[in-house]
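Each chain gets a letter, A, B, C and D, in the order it is written, and its residues are counted from 1.
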Amino acid sequence: MNELATAKRCAEKMWGSDSASKALGIAIDIREVGAATARMQIREDMVNGFDVCHGGLLFALADTAFAFACNAYDRVTVAGSASIEFLRPAKRGDVLIAEATEDYRGRRSGYYTVRIKNQDGEAVALFRGRCVSRDEPVVDD
Amino acid sequence: MNELATAKRCAEKMWGSDSASKALGIAIDIREVGAATARMQIREDMVNGFDVCHGGLLFALADTAFAFACNAYDRVTVAGSASIEFLRPAKRGDVLIAEATEDYRGRRSGYYTVRIKNQDGEAVALFRGRCVSRDEPVVDD
Amino acid sequence: MNELATAKRCAEKMWGSDSASKALGIAIDIREVGAATARMQIREDMVNGFDVCHGGLLFALADTAFAFACNAYDRVTVAGSASIEFLRPAKRGDVLIAEATEDYRGRRSGYYTVRIKNQDGEAVALFRGRCVSRDEPVVDD
Amino acid sequence: MNELATAKRCAEKMWGSDSASKALGIAIDIREVGAATARMQIREDMVNGFDVCHGGLLFALADTAFAFACNAYDRVTVAGSASIEFLRPAKRGDVLIAEATEDYRGRRSGYYTVRIKNQDGEAVALFRGRCVSRDEPVVDD
């Protein structure tokens, strides 16, 4: 319970200055420690030359969920690497949900999976992220 | 020479409707077949909760360079998967250059590397993309 | 039940001619459709120049579990790509268990995760594989 | 010149106790600092249930080239993660050459590409590895 409160405080702190995720219209929800849900609707200015959502913005959605999931422990944690498998195109107007979950958390490194689905529950992308933690708190009191 | 002209025409066609890359302020340059350079300046609305460029937008820059590099052959080509290694943070105001080059091109699949550097020539990220081509022209006359 | 029987028959068929997995001393177990468990003990001839298990052989163990998991549907299915995160070294004598599970299965492509643990239940490696199926049965009657 | 001598000494030191690479019949050649060539012939006991070289052994070949390339600087360097794209099957009797080259080397992390080709010069696999260095010499005098 206490841990979830910490996770939520870290998320609030990060969200306060996360201009990029706000500009993408992303909404974040933390219900569990080490996990996060991010929601984004595909706007007109998010489609690419083939009239589907730019892969980079699908990645950005997943990366946001990942960042909020791995920063739950009040230690500044940054992405070291990530990969994405594109399973199905997303179209303008689609509402995407990215669910980040923890695969493994070591002393300094963490490994997360993010699954992006559309409003019909269809799999859109599968993301994996590796992060590295520093000895620095997210929330400074 | 003819091939380069085709590559440039494909790029122009894609660019025409690529709202996402335009919204990110990306500029594209095609000087070689199977390669592309994308340029982006980190804006205020591109930084995350740790005050550095959102990793998703670094990925988006690389992914754009990748898309323009692999669509040089006038066959609609989409990303199948990609990965990124984050080497150094990018800050607001930084001008990033992403250079996409071809590692291998098979009958239907292609493999590309994209290197992102900042204005000082420092390595920011290393991206790898795998794409799949369809029997469909990019430029329809 | 029938599906599990099919999965087991595919596994038997593959195992029959899988000289490589046999040479590595791997044992395979199929208890569920789309999943597989592979077991391997680190032998004297599996350690590298730093006296720990060669990363390639950890990968080979995971890759075997992956191959048996994704060939459960009686369609010849081969690896397209894979990645591995090395979490903890494995030593000579260690008994490793690799558990392959299915993340997503599309019409032709499939995505699997394999977790390798040692005899103490500690995480050793995290493997992800993408496979491609052909219109060809594994078991020819 | 001196640096190449160091790289060769590190390789010799590692090779001395690398039972795994020897058991796979791999031969190593160091001609440049931060690069390595590994050669392996596909034996009878290296093919899988589909009668082609086990993907894990292709990975092992590439991983060996990677390990020798990244340990050129006399600091113990281990693989953190790696990925492989399978481009073309390798058959029993094929003689494979894996060429490892350095993409980027930071203070502690390094990034390498390994290309595997067969005796006809055809691309067989594309491998990427990330390594981490420790403050520990490879060659202890």
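Everything that follows uses one rule, which is that a contact is a pair of C-beta atoms (placed from the backbone, for glycine too) under 8 Å apart; a residue touches a chain by one contact, two chains touch by 3 or more.
The structure presented is a predicted model; accordingly, all values stated were derived computationally and were not measured.
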item	value
Chain separated most widely from chain C, comparing mean CA positions	B
Interface sides of chain A and chain B: same vs different residues, half threshold	same
Interchain centroid distance [CA atoms averaged], chain A/chain B, Å	22
Chain centre separation (chain A, chain D; CA means) in Å	34
Per-residue multi-chain contacts in chain C, two or more chains	81, 83, 85, 130
Category of the chain touch graph - line, ring, star, complete, other	complete
Touch list for chain C against partner chain B, complex	81, 83, 130
Chain A-facing residues of chain C, complex	83, 85, 87, 103-104, 106, 109, 111, 113, 123, 126, 128, 130
Complex contacts: residues of chain A adjacent to chain B	13-24, 44-51, 53-57, 59-64, 67, 76, 78-86, 89
